[in-house]
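Okay, structure first, notes after.
The chains carry the letters A, B and C, assigned in the order they are written, with residues numbered from 1 in each.
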Amino acid sequence: MGRLLKLHTYLVLAFLYLPIAVIVALSFNQSRFGVRWTGFTWQWYVRLFHHHRIAVYAENTLIVAVVSTLIATVLGTLLALGLYRYRFRLKSALKFLIYVPVVIPDIVMGVALLLFFAWVRVHTGWLRLSLVTIILGHVTFQVAYVALVVRSRLAGLDPALEEAAADLGAGGYATFRYVTLPLILPGVLAGALLAFTLSLDDFVITFFTAGPGSTTLPLYIFSSVKRGVTPEIHALSTILIAVTTVGLLLGRALLRRR
Amino acid sequence: MNRSATSPARRLFELLLTVGPGALWLVVFMLVPALLMLEASFLQRGPYGRLVGPYTVANYLRFFGFTPEGYDPLYLAILWRSAVFAVGVTVITLLLGYPLAFAIATSRRKEALLLLVVLPFWTNFLIRIYAWIVIFQRHGVVNALLGAFGLEPLHLYPSWFAVYVATVYTYLPFLVLPVYTAVERIDWTLLEAAQDLGAGRIRGFLHAVLPQTLPGIVAGVLLVFIPALGTFVISDLLGAGRVVLIGNVIQQQFGVVRDWAFGSAAAYVLMALVLLGLWGYARVAGEEGLDRLV
Amino acid sequence: MLKPPKRPENRTAVVELEGVRKVFDGETVALDGVSLTVYEGEFFSLLGPSGCGKTTLLRILGGFEVPDAGHVRIAGQDMKNVPPFRRPVNTVFQNYALFPHMTVFDNIAFGLRMRRLPAETVRKKVAWAIELVQIQGLERRRPHELSGGQKQRVALARALVNEPKVLLLDEPLGALDLKLRKQLQIELMRLQMELKITFVYVTHDQEEALVMSDRIAVMRSGRLEQVGLPEELYERPKTAFVARFLGRSNLIEARATAPDRVETPHGPLRVRGGLVPGRRYLLSIRPEKVRLARTPWNRPNAVIARVHDIVYTGAENQYILEAPGGELVAYTLNADISEPGYEEYDYGEKVYVYLPPENLVVIDEPIGNEPGTATL
């Protein structure tokens, strides 16, 4: 049993890393077509950097991720805090609303947002499909994740601590600023990290809410792949893999230090 | 829970300040779009793809096969196919992921192993799909290897097989994580008790270990089943038009076909299926069960 | 052991409760119409078993719960809608609730900083509080680096540094071991006398309450059972519950045959008088007030019994006796065997028991629903 389980583990790990290894290896392969190794080269990376729009796509992706993460972290943290502190009517309805973006298939959310933005545009002329609509869409699912992550951190918080702060003269804001926030900060940061990666990773919501001029890297990869596989995409993917891996390891290390 | 003495006005103010913005956001960008989509599903496609009245149930009738030209269960068949596909993916993921989660949770290097499993999941979703094209395409990795051994190339892309492999690959960590958490919490004394009472390995596992990991299994199964049921990117890229799932139908209605009314109806049928499953799950597992999905 | 009695007359009320009622989730009645006055400078204890409502009462004073009915006044001011951070009280929480991310100094300084006092004042006051509770040298430590006793002292300093009108203490010694408990009990009493701050002290430990308090309120199921000086509660319990909860008590059901005579399972007994003939009462006598002898007493209120069991506690011998009406418990002080009048009895020995009429407390409560009551 033990040996069999070990073999299974190694095989599944191989399965998990095979595609990534293939992409990384091929990004350095001289041959433009096929997968036969014909020699090492940097040329696909060089070409990628000369691609006139890649920098814009990367910038778009980052703008969306940073802005949406900032908004979602603030809203999600406040939401979790309110759910933790107060009892009110419609509380269970609100909790349900928070679970919805987490559990429904993303395509449903994508098309609903598309419909909504079109409806707003028809009636007001606002919300042309652009980076703004992508950000609005991303925040919508990120808020839910941040709220749930922060809420689990709040659940481990001794309620007497907030009471102690109030007892010592701290009002609602001071209690949050000097007691609650410092204690849930690891949860807030973990939520923000999750929101950020979800935004970087998202394709479906972006696909339905993007407009002309708001191409992000995932959208670019999608349209390129539909036209055929190229070594430049291998190079781009390798860079993205490296960035997310380093980012994730760094984020983990930071969170552990706290 | 805060029940402190304070004036009702101040309490309302604090509530609105904390819950208000997030709740408003979810209402505007989640609830309102869902309601608009509900309305759209009862409208009709007008000129230039516009939505026009009067209200009708024709979209739902069409989805369930009742067309003006007679009974044609085309979309029901696609829905059925999607469900079979999602079940298949879930079963394979479970067979691969359950032993893996078990091995990790009982390993001495579980931290490192867990990170190894999660790491590919943090690489961009599209890159992970795209990699399988490189592996399965006509002159891809698999066929190159077969060629090196003098074997005939296989037709792997585009195919159902490729869609299955990539979907399992994409959602495997969703199953491993909750099962891992459940295995970590196992009370091993129960297994010892079972073995003490003469249970063999298999019976000991079935009666003392499996039931304890059941909550993790159910959460993991849902986390794989729901996105697999709704996927359109994987089938689009690795099936290249030959594999049509319910997700592809919705995407086409909102894309090239521009029949948003019918697309909305199809999306609602999909959502209804998912929410039905979740409702059943929440009834059994309760609110903690829903938390396990995050 | 008991403190000298402090009579509450002619003193200023600092906490006033009037018909305070609290119901949780629409069904659990935590407080059922509690009216109570605590006077300035008093060490006042709320005593009762868990779930009796004592902590809820304290939380209402702190402002963490809102009463469903009734009035709360602190220092003459109505507390309706006054949030915790505007109340002239401070709390020492059950598990200390020290801020884990702050040093001892910052914990103690928190309340002062919230009042925006200048840094120099904060420093001086914190130094004063640190000296008061004797934790010099721990200023830069964090709560997780402190022992239980040290945490307790920090929690105390953090509350006292704000010079509250009333200090609320929620079972502050509950998590400490016995020895440390005794030590801190003495220290709390010293602090209270020195600072003359009103203490409202929640505890389930009757001995602690008896030792420390000026007055005690015994609570049961959300109601005040009896409020009074410790020796009042101990010597003249008004209910069977109080008699049982504060130390051990022999409870005997009785029916009055004359104003000073009752019929009991142990036979006819004399009491101090004032009873209504024909009415049912409950008699209570403390085990240490029960007197034993080897020879007959030759006076009323004597009962013949047999030693069923003996418990030696060091300071006293506890005899469990088989009397005609059931079990009786008697304690005798453990003295030198050569002391005149000192006797030790053996298992199964026949003893002559005397229940002095002046020590038989008459409780106007007909049925002894407490376990171990001698029933008619």
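Please note the rule applied: contacts are C-beta pairs under 8 Å (C-beta built on N, C-alpha and C of every residue); 3 or more make two chains touch, one makes a residue touch a chain.
No experiment lies behind these values; they were computed from the predicted model shown.
Contact with both chain B and chain C is made by A.
Of all the chains, the one whose CA centre sits at the greatest distance from that of chain B is C.
Set side by side, the interfaces A-C and A-B show unequal numbers of C-beta pairs in contact, with more at A-B. The distance from the centre of chain B to the centre of chain C, with each centre set as the mean of the Cα atoms, comes to 60 Å.
Chain geometry summary: the mean Cα position of chain A and that of chain C are 58 Å apart. Each chain gets a centre from the mean of its Cα atoms; for chain A and chain B, those two points are 17 Å apart.
Residue positions of chain C touching 2 or more other chains, listed in rising order: 63-64, 83-84. Looking at chain A, one finds that residues 163, 166 touch two or more other chains. Shared interface positions of chain B, i.e. residues touching 2 or more other chains, are given as 3-4. Interface residues of chain C, counted against chain B in their complex, comprise 63-66, 79-84.
For chain A in complex with chain C, the touching residues are 158, 160-161, 163-171, 174, 178-179, 182-183.
The touching residues of chain C, counted against chain A in their complex, run 62-64, 83-86, 89-91, 93-95, 97-101, 110-111, 114-115, 158-159, 162.
Listed in rising order, the residues of chain B touching chain C in the complex are 3-8, 10. For chain B in complex with chain A, the residues that touch the partner chain are 1-4, 11, 14-15, 17-23, 25-27, 29-34, 36-37, 40, 96-97, 99-100, 102-104, 113, 115-117, 119-120, 122-128, 130-135, 137, 139-141, 144, 169, 172, 201, 222, 226-227, 229-233, 237, 247, 250-251, 254, 260, 263-264, 267, 270-271, 274-275, 278, 287, 290-291, 293-294.
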